[in-house]
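The two complexes that follow have subunit A in common; it is paired with subunit B in the first and with subunit C in the second.
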Partner chain A sequence: MNRLFLALVLPASLLLSGCPDSSTGIDDQGASVSDFDWHMPDWVPLPVEPDYNPITEAKFQLGRYLFYDTDLSSDGSMSCESCHQQDKAFTDGVARPTGVTGMIHPRNSQSIANAAWVRTLTWGNPTLTDIEQQIVIPLFGIDPVEMGVNEANQDLVLSRLQRKTEYQTLFAEAFPDQSDPMYDEQAWQNIIHALASFVRGMTSFGSNYDLYTAGQSDALSTSAKRGMNLFNSEKLECFHCHEGYTLTASVRDRRRTPNIPAPFFNTGLYNIDGISAYPEPNTGKHELTGKTSDMGLFRPQSLRNIALTAPYNHDGSTATLREVILNYAAGGRNITSGPNTGDGRMNINKDPFIVSFTITEQEIEDVVAFLESLTDYEFINNPRYANPWQPPKDQDLTP
Partner chain B sequence: MRATFLAIAGISMVVSGCGGSSSSSSTGGGDDINPDVSISIPFNATLGNDAFECGKEYPGIGSNGGNIAVAHDARLFIHNVRFVTNDDREIPMVLDGDDNGEATAQQKPGEGIEGIALLDLRDKGEGCTSDDANPDYNDSVTGTAAIANENIKALRFSVGVPAKYNHIDAQGNQPQLDRETGEPIAGTVAEGPLAASGMGAGGMHWSWAMGYVHARIEVEVPSADAGIFYVHLGSTECDGEASYAERVCANGNRPEVELNDFNPELHGINVNLAALLSGNDITVNQGGPAGCMSGLTDLDCIGIFERLELPFPDADMTGDYPAVFSTFELQ
Partner chain C sequence: MIRRLSAALFLAPATASAHYIPSTDVPTTVDVGMVTTWRSSSLINDYQYWQVPGTLMGGHAWPAEKGVEVDEMTLSLAHRLDQNLYGVVEVGSHAGDSDDHGGVELEHAYVGWVCCSDYGPWVAEVGRMSALFSPALAEHATQRLASEAPLTLDVLFGRHFHDDGARLWWHETGGISAGAEIWRGKAYPATDTSDGGAWDVFARYNWRGERLSWETGAWFYSAAAEARADHRYGGGHQHVPVAPPGETATAFSDIRFTGDSDIYGVHARVNYRLSQDITLALDGEWIHANLDGVLHDSIGRQADLDGDQSGGWIQPSLRWRRHTFGVRAEYLTTDNTVVGPAAPQLAEESGLANPDDHDPRRFTVIWHWQWRDNIALRAEAIRDESLTETDNRWTLGVIWRQRLWPGKTKSSHHHR
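Our next item is the complex of A and B:
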């Protein structure tokens, strides 16, 4: 699949290289609607962005201030950062996060690095294709309550933002065509568009693995190289779902819109009562479609920065990468006690690529070493994505 | 419905052909024989016989003698309002817009699935959500219908947002796109109540499922851990990408209401929350979110859907349930 895709893209790339003005080297169909600097290598194709919210640096910067502003939650206790922390590649290190009213989210916080490239946002929802659609949910959602903004408090929340001097300029610069972007009826829409721009602009393509693929052979340790070969082997089959420059099959970019359905797979984590059920409400794609064949289907995650985003799986039920690999080695997870008892290996919806394999401890270490090579330390230390309300950290965390 | 519409259009044309000088600009088919009549249909919400008042306690709500419930929300979309004649013809009510015929925050003008109203029956004094009066309060559907000389035996309407508009961008300015051409699809930009309910925390859009909340009925239950018993009606078992107008739902979950002996000069329409909740112990959550958010595995939905005459797994559609919708006499 991946090979075929590259073969299709390369001729376009060759054609373009004849153009002296081409700055990206890929066919973006002339669709660069702004001069936004994506801060990524030339070889990465530009992401899709909606016509109604073209990205600009001003919107990105406003979004950054909003992302880190606890005044954007009902009681001032949470910001987007509460569940998306830069040092953890914008996850939070807990199995399932808690919202402002104490409700526990049913699912694990996801990394938002490279969110601009995924086909669908969130774990199992095939519906959410635009970041703008998704951001409404943590802000205003009631099942679960996350940021807790609702009809009763939305004017109060907005007024807290309006009182901050920083926003006077930021809103005006982000929405120069509007006379009163922070005060008129479009204020909430502007907030959502700015947050979406910040999230869309978070790019992470600076791992050791990227250096390696760019030709720097010593960027990977020998263990990581062995792990890479295992990862891409027909024994482990990892690469089918975690492929390409985003390391997920759930990918789209400006070169093409895939005409196959967005990918969701069942990896055999559960099989409650032997009827292939997943614990409510985390039934994956099934939650939205109601189809039995969609039970337990979740989006393949990008593995970029995966070493920083434990615990794993949609419900945070797998603590370490080693355990993830062991689940795959077993061909699924057999739970022998408790309410979720059942042999996930026998789940009827399990993807055919989830085959069992034998793996030595050394091989597990090698695969983990490869996965660790996907960590982008530049990304997690980049002041561009850091909290603008605090002075920059003076210590460099890069090892 | 289409057949009915064509029949009406046909009558209208025949009349015009006979020299009728209908000056009506309405599409509802008003003519010299049956001129358009201006109609305003009032709605109210009650719990039993007592008017819905935000924050007020009502005893005896729910099954098994019931429990104390506090009024919290009462909003619903309706569309396809039509009158039924004694000889079983349907005559559409054409919903009004503003003076220029444009949508208002409460009504999208038109007939059939084009005419959509958002009723917000949370009383004015306390908006249910704050101490302020509810600025979105709307307790009537207004428009015209060609019924001046008709014998009307019933009123029919559908609850919810029609499928055509259910998956448009509620944030307000993105049209749905044709996947083949990439061109915007005409009429798919949210307007009127469909736009208003998507802005900020409007509460009538179900972001997670990319559809509107057809009806939002809520009571607080002081004695229950969950605090609120929600009834959020929305379409389920949906598939396809909304932005390309490809989203289709197996269960529309739009109740069809028929009220016999309805006379627009004498009657309004009552929404009885006590009747809706009469099959549920509102202090118990049988699964999923507290109350019923339309999920197919949420047992709390069985009683709710039975009373709305909507199909649901294990629902008994033959039961004799108290009416959620009924007529009341205007004072």
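Our next item is the complex of A and C:
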């Protein structure tokens, strides 16, 4: 039949043979180029780096040593790892962590995996967009005190670091343009920049779900596949806030120029005044803006490694993934006793996607199976992100 | 009898009559058109999207589908109100991806004013209309020799152009027509947003002799678009289509375009009557588009687009008595530059990427048989190279085109 077609159209084909050729030139202006090895699949767009702190392997490695160094706290008892532990996808497994002075943090420790890609870095602060800014808070913050560094003890803390021989080389390699990066006035800035580089370089895109989306159809169990379909369905609506390669709507990368405000949502967890109030001081975005319409609005979390990061929600008030799903199924949380009594389902700031739905036990299991498929065991076992002050572990956490 | 028939066939099917002015003699007319076509294959598979490489598409440019389908149905009512005023209403439906898209819509609803004789030379029209700048753009499938709309019009204008607007033109006086149209922007490639809309100017000249007749013209159209979607598949709430077990379905990438489309073209048509039974014709149009704007999406990705796209067709045909044989050869070339951090992804997802430097082509061999006065049959062999994978398909179709009221009276003024 092809020959017949060709015979019929050959004269016309010859007539058109002189037409110019088509092409599409594409220039991404260097967005896909980086000197740093991000240790991630090439389909993931590169994250945004601040011009003042471009990531290097040397800064990443220095940051790794600092991240796990308890001498970075006022009394030498805490490191960043205290609240961000690798086996828990860099969370801590408790509802709310405790700082060096015993103050309990009002909010739950977040996973810092893929922190380079989120638009805002904490539960409720819309202004905190650079990791370098955020790291200052656990180091120097006073409400709550976390690592307890302050003007009075910062030289002492620094001197403890300076006494460690490992840092002599690490600092010099990380900041080769500085003559004395560990001792001069830039020392604390260098520490922050190195820590930010380590956090920025923590990438987790190696879950079974990623294998499945890459074409390995048996990477997900049948139950997880059913759960994935539920997750992406109009019935559950999960995907609206937990979308894309980061599984959160709060995402930025080199390809994006966001033209809408960073997302914060009220999921109807509380309603202690019968209108919209959340328990102080955890009022979310409202804590910064003071607007009543921002009451109870929190950043949607990435669901990557979510099975390892219990307990859940901004205050760690939900113990399991099953409870999280049931809260959503109810269209919010109705607390019937205690100081936080109130019907979150009636919260006026509740996001329109938080609507009640019916779900069977089997469907809950399926959704949990899907969420468990988001665990990146390579990430939590990767020596690259492990404590350099300890010998490598033999233990593999992969089930 | 044969002479009368030849004269009638000289106008149909190759001559279009997409726009007409009802006469004062027979003030009310009702016309119907319907095309049903069987095709041997679909251009794309189920759960795929028709996207010609190197182009942005939209509007109503649906791909050819295997099996029997009503390509088009139109029902038109025209009424001459008085010596100067007339009104036209037309509803129509077109083949689409689903019943939702193929539903009946109001295509024409306009009022016209002629000055200073019954037919002009000045004509002003306002309402919902087809554009007149490109004769082929206003043609229906009942009026074309080929069943499928020209590829270039599918790509650059989304096949059907019906928009709310106004037109003022100098109407076929001394063979010359010229005018200007302004559009709200409902028709692709414009948008009807605050900074959207479109306008055009056109001019053409026709001449008719004893054996030879010809028409030629040129036009310029400019459209502005804001966050224009490909409404065939996107533009609203997006979800992954539900495919049966074993099939793979992916969500359509809802990439938007904000910017300007400046498009111009020239067209020509020549008829030569060799004898009472045989008429030769040559039809063609060349169109060039410049796209200047930004591609973007809902998650904040964007890239600048500068595109030059040219296309057209040439269609020689021979009419012998009630039979017309023709060939339509179409081409499209695209030269795009996409610049920005998200350029690779947006180019791919929008359809502008053309990694194989593919040159879309399509060739159609046509046999049209005017079986009865109002019923024609059509058979085609189509080699479709609009995509990188060639599709060869056959078609068989029936065309019903009739003036229902007032019977066989010739009452209106037709022209291309």
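Some points to look at:
Quick note on the criterion: the second predicted complex is superposed on the first by the 367 of 399 C-alpha atoms of A that agree within 3 Å, B and C clash if a C-alpha of one lies under 4 Å from a C-alpha of the other, contacts with A are read in each partner's own complex, and residues count from 1 in each chain.
As a working rule, contacts are C-beta pairs under 8 Å (C-beta built on N, C-alpha and C of every residue); 3 or more make two chains touch, one makes a residue touch a chain.
These numbers were taken from a predicted model, which means no experiment stands behind them.
In the superposed pair of complexes, A:N150 makes contact with subunit B only, with no contact to subunit C. Of the two partner chains placed by superposition, only subunit C is touched by A:V251; subunit B is not. Using the contact criterion defined above for the overlaid structures, shared-chain residue A:N381 touches neither subunit B nor subunit C, since it reaches no partner. In the superposition on chain A, no contact is made by A:T70 with either subunit B or subunit C.
Contact with subunit B, but none with subunit C, is seen for A:P126 once the two complexes are overlaid on the shared chain.
Contact with subunit B, but none with subunit C, is seen for A:E280 once the two complexes are overlaid on the shared chain. After overlaying the two complexes on the shared chain, residue contacts for A:N334 are found with neither subunit B nor subunit C.
When the two complexes are superposed on chain A, none of the residues of subunit A touches both subunit B and subunit C.
Residue ranges of subunit A in contact with subunit C, taken from their complex: 1-2, 4-6, 8-9, 11-13, 15-16, 19-29, 31-32, 45, 232, 234, 244, 251-252, 254-260.
Contacts from subunit B toward subunit A in the complex involve residues 127, 129-130, 169, 171-174, 199-203, 205, 207-210, 230, 236-239, 241-243, 247, 250-251, 287-289, 293, 295-297.
Interface of subunit C with subunit A (complex): residues 53-54, 239-240, 299-302, 310, 314, 327-329, 331-345, 347, 352-354, 357-361, 363, 365, 381, 383, 392.
Across the complex, subunit A meets subunit B through its residues 50-52, 125-130, 132-133, 136-137, 139-143, 149-152, 154, 185, 188-189, 192, 280-281, 287-291.
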